[in-house]
């Protein structure tokens, strides 16, 4: 029974991890860039929602109307200010730059909000639906619903809009895309913006379901990286499946063994996956280092 | 850097001579070195205030760590953002040995420096064997993951590490203002060894291999460089120095905790210092370490704020990467090179040495430029 | 004995067929030329032979040994050196240091000694002198012009002292008088026993230098023979008609 509960929890939580990972995988696919700051940006989204709710007593879900556009704009700005000017050694340098951005964000959040653990209060924090012996916390249900809506909207954007076509073209062949007139810079900037905007949304959910502080970003980014690598770059569906799978594994391990080992599952998985994949982080780059 | 004499002596039948390397005149170099060494040796006597020498000790400790880190990450381009793995291993090794071997607090604790270094090397071999199989960007992420795995183990293997309670390290019993002096000189010595090693590696064939790996690893491999072995050895060397840095920290501070041993801020600081000073140079990391760490220690002393440094380092890193990715030392040396070259071509009409030497083949090569 | 034989080698990139059943052999001890119009697959064949690409099918034999799918360092260890048309040099290192990377030093401990000492230093300086880059020894290789970088590539493989040299368009970007010098040096090295396979567009260079010339077209071998026969062969002329017969890039 405990295990079934763990599985259900894993699936529900996996939903919004997929949301956070969706932006990461898109950016991977379109720009060959590891947005190492995604974890920190999620936490920033959480803190933003938290700050708004602390001042204005509204449903946290409403804060998304502010936090998502704000962070999306930040993503676009980061692209033009920091990523686009990189001329040499793009993959390594962009990774370092995003790592630097991550620590900058984390440092700012730590300074502003201190390292005390907080959680976004919701009116439905303690309520849940019970079916038989299984408990479905309301907050998880709402967040799963939100994730489904946003991921669905993302899917529509990717497969039914002109921008989505440009994005997918840029993913497959940036040079060809440019040749047929797609402004790959704009596509890249908007992709990063979308990715970061999704991080804000995921952050709100993360903030309502977890107590967090600035340091939570490290844990998050390693989890998101695993999910994206397992799910395949540029694949939203893959991210969804991988997210649920990893969260289920974590929750089951936590129940069967201990919560601490549940935590290590992600780091170990990251390790194993990166070592076994001869292409390392980027599937396109062919020949292995050795 | 090679000397002009050896290359001229062995160029044999070549009608043209290899130009001398771009170096500051020997007098300037040795003079500057002498001044720095003298100042460093006399520092604790000039500034006996323990607050000042503490800052100096931390600055030197980072010089040791960053110079060692640079030998691998700077020269080969495999930026190990998780280098704190070895720093933490060094801390715990030193702490555990002092505690369990009942090492007499005092000078004896310094004997553990090379021991901690060697333990770090031993850890680096299997870790490096695993990690160096992937490309550079993957390697960066893997080192970060490794560091967190080590941190998790440190938190949870309570029997060995004391978990989140940490370990208390018996400190030397020296009194008052004398306490810092032995630490200062030992750290100075270790940092000097690290810088000397950095210089020696740069001059060696092995070091050239590392640098070739940085510029084009596949080409280096196809020219016969044993990249696997070269990287592993470089990784091990940097682990040695990082371990030593940890082994200084433990008895100096007197306590070892998982989050300060396997500390992501330490990694960030090292990267910022190395990049600011000049990644892959000999003096760059030392310069970055001395200036940045001293500044941090000073501000911490004056204003007490602890958690602002993450933000400052992050912001500094972003700025350095965006505007001065090569660092200060390479930018300066490039400008020096340009001045020397400009002076050389302006000097004489028919030059007898230098890039425009009057040898048909050389000048033809120059003219080959026009064909492109 | 044939130095190098490729048999029915195929290589495609997505929908683009670069090599379609290519079978050729190159003579040992000779200066072999490999020509063909743009897109005929010459560089792809080079990449397959030297381990930078894996063939989809077919075999590569070097002096009787099966080298199909070998990696670049295995190819190097077999005594085959190769230059690149799009030069791959170590841009942040000086020219002299670049050549030293290619100069092998035996022994594990001796790797720790300075790179300026040792017997390979003479070889390195000689190689640089040979290509005329001695004056630029201290400059960062990244600051060299394209033509100069090509020469540096040549110095690379010289210093490694391979028994076979594969040159990928060595003449491009190099001025005429130097080209003559280069041709002379290739002949001299050949006298000492080094075999060459040279991919080139520059007809004069190839015809004047090579003992044997192979022609490729559309990813397969067209013909091979001495320069005069190839030059006057109507099929070869037809392959080139309509495509660039430029002598330089």
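As written, the chains take the letters A, B and C, and residue 1 is the first residue of each chain.
In this section, contacts are C-beta pairs under 8 Å (C-beta built on N, C-alpha and C of every residue); 3 or more make two chains touch, one makes a residue touch a chain.
This one's a predicted model, so the numbers in the text were calculated from it and none came from an experiment.
Participant: Would you kindly say which chain has the C-alpha centre located farthest from the C-alpha centre of chain A?
Facilitator: C
Participant: Comparing chain centres built from Cα atoms against the global Cα centre, which chain wins on proximity?
Facilitator: B
Participant: Would you indicate which pair of chains has the most C-beta pairs in contact?
Facilitator: B-C
Participant: Using mean CA coordinates as chain centres, what's the gap between chain A and chain C in Å?
Facilitator: From the centre of chain A to the centre of chain C is 48 Å.
Participant: What's the distance between the Cα centroids of chain A and chain B, rounded to whole Å?
Facilitator: Taking the average C-alpha coordinate of chain A and of chain B, the gap between them is 34 Å.
Participant: Please compute the C-alpha centroid of chain B, do the same for chain C, then give the distance between them in whole Å.
Facilitator: Centre separation, chain B to chain C: 39 Å.
Participant: Residue numbers in chain B touching 2 or more other chains?
Facilitator: Answer for chain B, listing residues that touch two or more other chains: 218.
Participant: Help me check something: in the complex, which residues belonging to chain B touch chain A?
Facilitator: Within the complex, chain B touches chain A at residues 77, 79, 81, 130, 132-138, 140-142, 144-146, 148-149, 152, 155-156, 217-218, 227-228, 264, 268, 271, 307-315, 317-318, 321-322, 325.
Participant: Would you tell me which residues of chain B are touching chain C in their complex?
Facilitator: Result: residues 2-3, 6-7, 10-22, 200-201, 203-209, 211-212, 214-216, 218-225, 280, 354-357, 359, 361-362, 364-372 of chain B touch chain C.
Participant: Give the list of chain C residues in touch with chain B in this complex.
Facilitator: For chain C paired with chain B, touching residues are 50-51, 72-73, 75-77, 82, 88-94, 96-97, 100-102, 104-105, 110-118, 121-122, 125-126, 128-129, 131-139, 145-148, 151, 156, 160, 173-175, 177-178, 181, 248.
Participant: Could you list, by residue number, the parts of chain A that touch chain B in their complex?
Facilitator: Listed in rising order, the residues of chain A that touch chain B are 34, 36, 81-82, 85, 91-93, 95-97, 99-108, 110-111, 114-115, 218, 222, 225, 260, 263-264, 267-268, 270-271, 274-275, 280-282, 285, 287-290.
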